[in-house]
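The structure under discussion is supplied below as structure tokens; questions concerning it will follow.
Read from first to last, the chains carry the letters A, B and C; within each, the first residue is number 1.
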Amino acid sequence: MTEAHADTHGSEDATRRDFIFIAVGAVATVGAGAAVWPFIDQMNPAADTRAMSTTEVDLSQIPVGSEIKAVWQGKPVFIRHRTPSEVGQALRDDFAQLKDPQSDEDRIQQKDGKAGKPEWLILQANCTHLGCVPLPSFDPGYRGHYGGWFCPCHGSDYDTSGRIRSGPAPKNLLIAPYTFLTDHSIRIG
Amino acid sequence: MSGPSTYEPKSGFTRWLDKRLPIIRLAHDSFIAYPTPRNLNYWWTFGAMLSLALVIQIVTGVVLAMNYMPQINMAFASVERIRRDVPFGWLLQSMHAVGASMFFLAVYVHMFRGLYYGSYKAPREVLWILGCLIYALMIATAFLGYTLPWGQMSFWGATVITNILGAVPLIGSAIQVWIRGGGAIDEPTLNRFFSLHYLLPFVIAGVVVLHIWALHESGQNNPTGVEAKSKQDTVAFTPYATIKDAVALGLFFILYSVFIFFLPQALGHTDNFIPANPMQTPSEIVPEWYLLPFYAILRAFDFNIGPIDSKTAGVFAMFLSIGVLFVLPWLDTSRVRSMRYRPTARWCFVIFVAVCLGLGWCGGQNPGAVLAKAGPFSATLQYVEGGATQTQSLTVDAPQDFQKTADELQASLIHGGAQMVDISREGARTATVLVARGGVARTRTITADSSDDLEDRITAAKAEIAPRTAFVGITRVTPFLFTVTRLSQLLTFYYFFFFIVILPLLGLSETPNRVPDTIAKPVVAQGAA
Amino acid sequence: MLRRLTIAAFAAAALIGGVAFAANEAKPPKPYHFSFDGPLGSYDMAAVQRGFLVYSQVCANCHSMDHLSYRELGEEGGPFAMYRVRNKQNGEMAARVGLPAGEHGEFVQVTDNPYVRAIAEAVQIPDNDPQTGEATTRAGRITDHFRRPFANEIAARASNGGALPPDLSVIALAREGGVHYVRSILLGYTGQTRGAQYENDYFAGRYISMPPPLPADGLVNYADGTTATREQMATDVANFLQWAADPHMEERKSMGVEVLIFLIVLTALLYVAYKQVWKGEHH
């Protein structure tokens, strides 16, 4: 290969060289970024996980004053059949000093905004502190003061509407989206 | 080959780090300032391609392993889930499967380059042996990985290969059971194959580090085979070799992408989309294309060699075909490194490459397939039209006397005027003898291009003749057949002949062309690549 | 010289492509140009929709499709994927199933897709009664895998004279000739039988255990009014089976075009940079 003369075009060549290198670098970086994305995205929930499954629950077997835990998307959900006094307490507590203010009415409404039924409270059963499942008021291990739930892990105390009243949890127990299918059955999710 | 380190840490942090862990110095010395021969051609870019291919396989593999389930009831379904439901799962699975083929394509080119330019010769013997070790580990990894999707080919390929281990004398069957974890390929086998498949690439990575270390001790070989003697012979690795590697990588990725996006199943086998069925073997079991040459060598041995049976001979030859590579540095006696200057060796090498490709082709064919024959298949039908047929029986005292007595009887009947004699053995000592006399003896010759076709025509002819005669004598002639197996045998012979006879002898007897003194001297005749 | 040999070697290597099969008197598949053939082919979603109908009414009586779930029909690239498309006349967003070529729409998540939900709910899936725990059936959900016609392999064989109807999820990839082969089989019955088997021009060994699944025209009623001739049904179900085996094909091909263009540009740039780096250096 015949060699070119030692370059006498000095800065012109230097600019051209720089341009080529910058162009290559830029295109390669864009490509590398695009190539990395699938590896990151593949850890996001897959299509089968994303297709939200729904859980249907028959409420007719839950007596007043008791609750069941249903499973929705792999997580527990409290379905509490509240007594009238629990409902009354919840309504009164609307005006108490709340870390995470929210009215009881808002917490019982259905997924599409329609009004719920005051005796039915459907909440995600994970403490908003670090995720343990709190104990209901009628459980032998219950040590709370507000008639709702008590989390044995770090002492978070929830009232009859599932609102945080004392303890380290920052937020109220999260609402699970649900819809009444009939008077006695709901679909969660 | 590299002189004292030229790295100078510029900032406070790099000076601090350099005193404690000179890793940047190592990277600088090995991949930036590293003196590289200036005349390296594109055949030298495949090493970088291989390193990247290994990284791609590991990264895609780790990510696939997040979704793959190594249980026989779930493996196939989990791969389908990856292809359908996992975000970009179809792309990752395709990259991994096609990536294995690209990995082997690059490694074969890399090895052929080493053979041609004498990169295995002193002082690079250990470098070469480490490379052979990497290659052997790659084969093991690929075999283990192919089992994981649990398709028909996965299962039966694993069965055949673990059966091969049974050919090892004395301890063969014990090893077989130990590897499989049972009497057949089953749940324990799949689980352990997955574990080992995950492990081996990291072992390969470790050996690659040693390989690059050994390389940097001796320095790169180059197309002239003459060692670099001065600074004029070399350039800094970065940017000169780096940018050349990058161009080659671009072309590599283009080929890779064509397969991934437009021909994702072209390199695989349709039978592997059928879930594994231990009760039913597919009509033919073939490994992936990169293992076909070894499959051909294995199947070429359809004859016993003295006390060694054909199965053991085939297995032994297959392992020897890789084993011979390990001792290559000591087989080749030539003092000239690069075949660029060894014209006879160069032709032998070209034939060798053709032989390897031919073996690959044979491995994918039906071993009995006929490539050429010395003449047509033929059969001669003899029958007697008209005349009378007698039936008599033959009894001998001892079964071992039967053939002799039958032959004698046939000879005496013919001598006595019979036109055709047919002796059908009924039992160990008895036979029925049909004798035709007094008619017209006829023969008919039938030819055909295949044995199946011949049988069809014989059947048709017999049906036509049957009303006119009592029995028909058929003599079949099979011409000499040049089958795929015969071709494999020839090619296997050359494969070993090249390493064990040609290379040792050529080195001593060949007159090489004049080798240049240094790399830097301009090479006038640039035709030799 | 090596360069010339290299080119010859690569050319020879390129010929070592396919593996030769000993053909068993079966004819090679009938040539037919599907819309998805070729590197830039795409799915004719109307055909895939019709093919799904043929599958569910004819084939699903014997053939499972274990690896597909009903929701896949409604995901992006699926035959019943729903899009909100702006109506050009009145500017309203309307829901369209299967996006016509050239139109853009906002994809609606499969969980809000009523068509797919209806398809799933029309099927009864075996499950345990949530109160008593006993085996019963319930209406399908979009997350269910396609309903299996038989509980297990033994039941399948018992109902089909000992032969197992293969799962159709990836049949397009599991046979040489793919859906060209499948379509040929469906149309290749000669009418002769031998024992419990049926003669078919395209099946290896010529006698197949499957009775002709499309013996006459008009076995299904297409919603879009297409006449359901035997050829039409066979072609449509072939389209569906190809989609079922390779639902991401269109995404794969379009990404392939983008990637290749990018790589060609990048490699060209790299080559220019290479020339620039080596300018003036002995090579």
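Simple rule for what comes next: contacts are C-beta pairs under 8 Å (C-beta built on N, C-alpha and C of every residue); 3 or more make two chains touch, one makes a residue touch a chain.
All values derive from a computational prediction rather than experimental measurement.
**Q** Suppose chain centres are the mean of their C-alpha atoms. Which chain sits farthest from chain C?
**A** The most remote chain is A.
**Q** For this structure, which two chains share the highest number of contact pairs?
**A** B-C
**Q** Would you mind pulling out the distance in Å between where the CA atoms of chain A average out and where those of chain B do?
**A** 55
**Q** So how far apart, in whole Å, are chain A and chain C when each is placed at the average of its C-alpha atoms?
**A** Each chain's C-alpha centroid was found; their separation is 37 Å.
**Q** Calculate how many whole Å lie between the centre of chain B and the centre of chain C, each centre taken as the average of the chain's C-alpha atoms.
**A** 33
**Q** What parts of chain A, by residue number, touch at least two of the other chains?
**A** Residues 1, 47-48 of chain A touch two or more partner chains.
**Q** Could you pull out the residues of chain B that touch at least 2 other chains?
**A** Each of 81, 84, 91 in chain B touches at least two other chains.
**Q** For chain C, what residues touch not just one other chain but two or more?
**A** Within chain C, residues 72, 263, 266, 270, 273, 281-283 contact more than one other chain.
**Q** In their complex, what parts of chain A are in touch with chain C?
**A** The touching residues are 1, 3-7, 13, 16-17, 20-21, 23-24, 27-28, 31, 34, 47-48, 51-54, 58, 61.
**Q** Inside the complex, what are the residues of chain C that reach chain B?
**A** Residue positions touching the partner: 1-3, 5-6, 9, 12-13, 16-17, 19-22, 39, 66-68, 72, 166-167, 169-170, 173-176, 204, 247-248, 252-253, 255-257, 259-260, 263-264, 266-267, 270-271, 273-274, 277-278, 281-283.
**Q** Under the stated contact criterion, what part of chain C meets chain A in this complex?
**A** Interface residues on the chain C side: 69, 71-72, 75, 110-111, 130-131, 141-143, 262-263, 265-266, 269-270, 272-273, 276, 279-283.
**Q** In the complex of these two chains, what residues of chain B are touching chain A?
**A** 59, 63, 66-67, 81, 84-89, 91-92, 526
**Q** Under the stated contact criterion, what part of chain A meets chain B in this complex?
**A** Within the complex, chain A contacts chain B at residues 1, 38-39, 41-44, 46-48.
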